[in-house]
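Just dropping this structure here.
We call the chains A, B, C, D, E, F and G, going by the order they appear; numbering starts again at 1 in every chain.
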């Protein structure tokens, strides 16, 4: 039920984003979302309660700015590497630890890591995220975790559980 | 001029069918032929300086010919269906003969 | 009984015998006698009918209808009589046939087919019944020994019939009718067009008659058909070809139509060419017949030779030879019918027709011997049998026109026929009786009837040929030819005259003298075949010492046993077969690219073709 | 607004160019993916946001597309990187802590 | 004019990804290049919507993006399934 | 009277429903095919527009005497095929329902592109049906050639659309005189080529060997009757009535069709398996029938079409049944099999004799009409036709003689020498064979009762003006 | 040698096509020089095919859609049928293989969980697209294709995702049947099969164009389920 309602709401929001706010569209969108949610919600990971409002708020106003900033940095880093005549690299696969339990949370963290400087998530298991790092710094899991996901982990830990 | 290109694409498909002896390559050749044909069909509807045939403003009728587009939509879907069956056949041929080279496939002709 | 009803009854009777035979074999066989006799006697009354039209059915936009004429009656009598007489054998053969019901159905159907051909008012009707004859007889043949001979039969027949069909539709396209009479008056003004039609249409006659080079189906089919059907094939169905020849040369007056064309010894070159083929057939048939071991094959080749006579006579379209040709149709029907039937009787009793396995049957089957003897005398053209009359007329016709090659061929055929018909006589009836055949008897009474009737008719028309020639004279007049001149038993030809009664008396006298001499000088000791003490050697295989083996060894050695025409046909068949295989590998092979190749080639050709035209 | 929009569009386009160049210049597939993904995601965000500014009516729809691409792009890249790793593409690395997870059963 | 320049810059990026697509050397490289190119093209379609002033292109962009993502996933799964 | 669209819609509806209730699919199949077989008698002449959009803008279905005749034949054949092939359905119920909709649609449609769509429906269904014999390469070949063909067809009609601006048959027929020759040659060549694949014309027909030659009791009769009839009928409609060819291009086509006839008959002569012989015979007959259509001899073409369809129905049913019972169809091994199966033998024989056009059988009536038509054109075509017919007759006679007479060459025909093979599940086939045989005989003697409708159909095909006024309503 | 022949023939066909289409005496319309008023499409654009109908006769803003789902709806029915049969064919052909495509490697966490978000977005977008088929580009087919691809993604990304073929079969069958039932309803209401018996409304509105959007939704659902079936059958290799 929770999944169903969550899915329905998500679908309807997406629909509205696509169609704009028109009565006809909203009604048809509601029906379509309802039907779709009924059919597929069990296969999807849309599951939230009313606290979503608060969490989305945090997400947009805290997480996204940080994220965008990091991403900008990361792109400048990419630009430096790509444009410099001799590409400075020290690549490696390392694993970092995360305390986030929520699947969506881990996913968001992994994606964030991918989009931030020099790192790309390759795989995730129970408590580790495996990362390809262009320029490996430090030694040991603590160092890596701090370096790679430090600030995100904190914010996302607040949003997801 | 692009019409010429589409016809040439069709010819490439024909050439492929003439010269290829691999099942998958033949399917690809067939798809190239169809692709060229579909593009050619759309191109026959093109009218210089006209828009996509979707009415956004009232009384706007300066459109390209919509019929070829409708036809191509159908042709593409049909082509998709045929290709699906063709690939499945290729899979079965491979399963049965262990090869996709026509020369190595056992003949199935009944004398 | 109206003609159309007779035909319909004939068709229905074939279905009836089918079911009767399914019900009881013997009953079905008897009913073929009843039905064929019924047809024969029903048709008797049309002797003097001419121009009566009977509609059968409407076939799409075409009418299938019949017309009476004296030549049609003449042919129909010969054929229905042959069928009727042969049918007496049927009840005895039912248990020997693998599919008696179908046999009887096809037997009756082919009989009705021949009648339809003769009385056809138009070419379409003629063709329909001609084809019925072909396919009905076709399926009887493999009930015998061969699965290959019907194919040869069909192939050659269809070459003929399809040529005729082409000609018929060619005419239809020109004159918009199939009607024979209308066409025959219309083509007079188109002689050059008629050449084409003439040759195409007569192909049907040539193939059916078994004229060289289309003779190969006769030994194959007659030789391997069920024994009771061979007399029908040879004595009867072949004559349908004679009828087609008659239509093309005489009913459509080829002489008048071609009168402006090149004439060879008094006949248009078109007719002459046909006669030459007849002459070649006489020679080839005779030569091949001489060295056959199988009596049925031998008679089949003799049929080739006799068809040659018939064709020459009919193609001559004159006063004498033409009459001879028509009469020979009857004579040959009776003679070859009798020959085949007597051998059918032998086969019925002994199970074989191979001469080297037979001998001495005269003591066991005297009636069959007598019928055979009369038949061969007739065929050899020796008085007083009817065969003499027709051969003499044909010979007269040829020599009066100065056609020396053909006259020689006719003479050769007569001499040769002595040799070949004597061989079965001596090998099967005379000589030593094989120990295997010690206990056999003469054929049953019912089977004796046709032998007696045929022998009687052969003798009767030998003594009184005028009875038949008078009617033939009327046919000639109907066709616009001078009728043959008769005066009592005297027959007149341009170079001579002959009184059949006198000749018969002379021969009768001679026969009596010979008989007296024979019985007075019975001193020779009879030696049994196994009685070999004189050379003190035991004979393990009596057949090895049978004198019917290698009877004419010297002849056989002189021209070998190579059947050149068969080889030719085989080669043609092989080419078609090879072509078919080539088509399969070129157009229906495994490769897809090859198909695309042909398709694109077609486009390329259309492009270039489009430019040229 | 227009100028701002175009600035974003320009930035986006530049990042696209950067992404393409990175894809070309980087030495192995993992580095290429890194460069490509980061640059094109930011490029998309900037370009689409710029166009949204230029056409305010479309803004919501464009934001949806941005969200969509911002989710799919890194997921796609990660998936591809994992696949590349598993399929034993030559990797030029000093340290490899991933081996234990993905290729554990392959080491014989 | 601006549009053309933007176009050219985007084209620059697309060009290099196509170059990588052609050069490979591994299937993974090509897939990566294709993925990048597809994202660039998606952006390009949105830009075209702006140029033609037709919002209908935005829907096309979504469809294109979805299908290109599908393609990446399929290739990835294929690569994984056919590991050497 | 029923609306002819039901002949398409009901089978399609049943097809969609049948995948949801698998268990009933057989019931649907037989019920619906019985419905269409009966329903096809109850449709009325006229032009039926889809969605109410008048031609040339909408798609229309045309029922005239021609499509009426073809529909009746096809639906009856389809039903008979099902009766015969019910042992080889192999989960193909839904595909068959779609096939039924496709064949009914393609016969009636009045629109060139819609014809393409139906053509593809039929073709894909055919690929799937043919796959049930597990000869995948043969099916693949069929698919490639079929798709090339349909692409060529589509190319052709698009060229016509690009020139005349319409896809409606009637509209195009009336605009045809305005189209330049070079475009016509190109478009007609491609359209003909496209149709020629399904119509089995050389060189587009190399797929036939693998498909027909390996057919089972369902696909054999289905392809050789239903598909054959429909594909020839479509060529008749398109090139006999709509796209009349007034240039020398017609001779290019006739050369192909005549070559098809003679070449295929020769190939049949060189074949030794029953199904293979019938395969090439089918190809040959297609060549003959389409020659007739191209020559304008619609009556002759239709008579031969009917003759061939029903004869092949019987022969292919028996041949495939023989194969499925014995896993062999070499005619040497089958010698005398008809002795065991008298009724089938009789039906087969009558069908074969009718097909080769012997008198007393319906086929003879076809033969004389064919010759009449051919002679009206020139002297050569009938000559070629007769040569092909001789070959055809020879191999059929050879076949029949073998199948009826057990034993080896030179031995007396006897039961003991017969084949050990038997034919299983032959009851339905026997009945069908006997009924068809009886009809062939009766119609061979008095064709009237059968040819009346054929004549009407031929006349309607020859009468473009009635067609135009029926479709365009006098526009 | 074979290659040369192939090239020559291809070139010959090319010349055939080019001279036929663009030769001097050809009246095939050159690229871009077509005049729409020469074609039947002119009436589609002007929406004046039938003078007797209410105006506008087709409420669809997308003229291609009005052709596909209204003027030439039978073609569309035909093409979904083609897809239907090919899906079936793939299933039947797969049945002969009697084996299933299995993944030796399980999908990764990122993909697996990413997809549980992404496929939702794709699904609703696909539905959005075919519901708006009469207004914007795309329609039943691209929308259906998106549903199909979402299905494929779920399959590829989740080894536990059981292909609910029966569900898709029911959807496919129902959608197809409904198209025909609507068509037959048109036949009984308006006298024509697939007759548009609902009011057209205003061009550009979501609820407009009568049965067109309904049909297109059904087409979309049908195509989506067909593609899903097709892929499922392809991967699954099992029937039923």
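Operating definition for what follows: contacts are C-beta pairs under 8 Å (C-beta built on N, C-alpha and C of every residue); 3 or more make two chains touch, one makes a residue touch a chain.
The structure displayed is predicted, hence computed values, not measured ones.
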item: Minimum number of chain-to-chain touching steps separating chain A from chain F; value: 2
item: Result of counting contacting C-beta pairs for D-G and B-G, higher pair; value: B-G
item: Greatest separation from chain F - chain, by CA centre; value: A
item: Chain at maximum distance from chain G, centres defined as averaged CA atoms; value: C
item: Length of the line joining the C-alpha centres of chain D and chain F, rounded to whole Å; value: 58
item: CA centroid of chain A to CA centroid of chain B, Å; value: 40
item: Whole-Å separation of chain centres (CA-atom averages), chain E against chain F; value: 49
item: Centre distance in Å when chain A and chain C are each reduced to the mean of their C-alpha atoms; value: 102
item: Shared-contact residues (touching 2 or more other chains) in chain B; value: 14, 17-19, 26, 44, 52, 54, 56, 67, 71, 74, 78, 81-82, 85, 89, 92, 102, 105, 109
item: Interface hub residues of chain A, defined as touching at least two other chains; value: 14, 18, 107, 110-111, 121-123, 125
item: Touching two or more other chains - residues of chain E; value: 56, 59, 62, 66, 69, 73, 76-77, 80, 83
item: Complex contacts: residues of chain E adjacent to chain D; value: 2, 6, 9-10, 12-17, 19-20, 26-29, 31-33, 35-37, 39-40, 42-43, 46-47, 49-50, 53, 55, 58, 61-62, 65-66, 69, 72-73, 75-80, 82-84
item: Partner chain A, residues of chain D touching it in the complex; value: 15, 18, 21-22, 25-28, 30-31, 33-35, 37-39, 41-42, 45, 60-61, 63-64, 70-71, 74-75, 77-78, 81-82, 85, 91-99, 101-102
item: Chain C-touching residues of chain G, taken from the complex the two chains share; value: 5-6, 9-10, 12-13, 15-16, 19
item: Contacting residues of chain D [partner chain G, same complex]; value: 67-68, 71-72, 75, 78-79, 82, 86
item: Interfacial residue positions of chain D with respect to chain E in the complex; value: 6, 9-10, 12-14, 16-21, 23-24, 29, 32-33, 36-37, 40-41, 43-44, 47-48, 51, 54-55, 57-58, 61-62, 64-65, 68-69, 72-73, 75-77, 79-80, 82-84, 86-90, 106
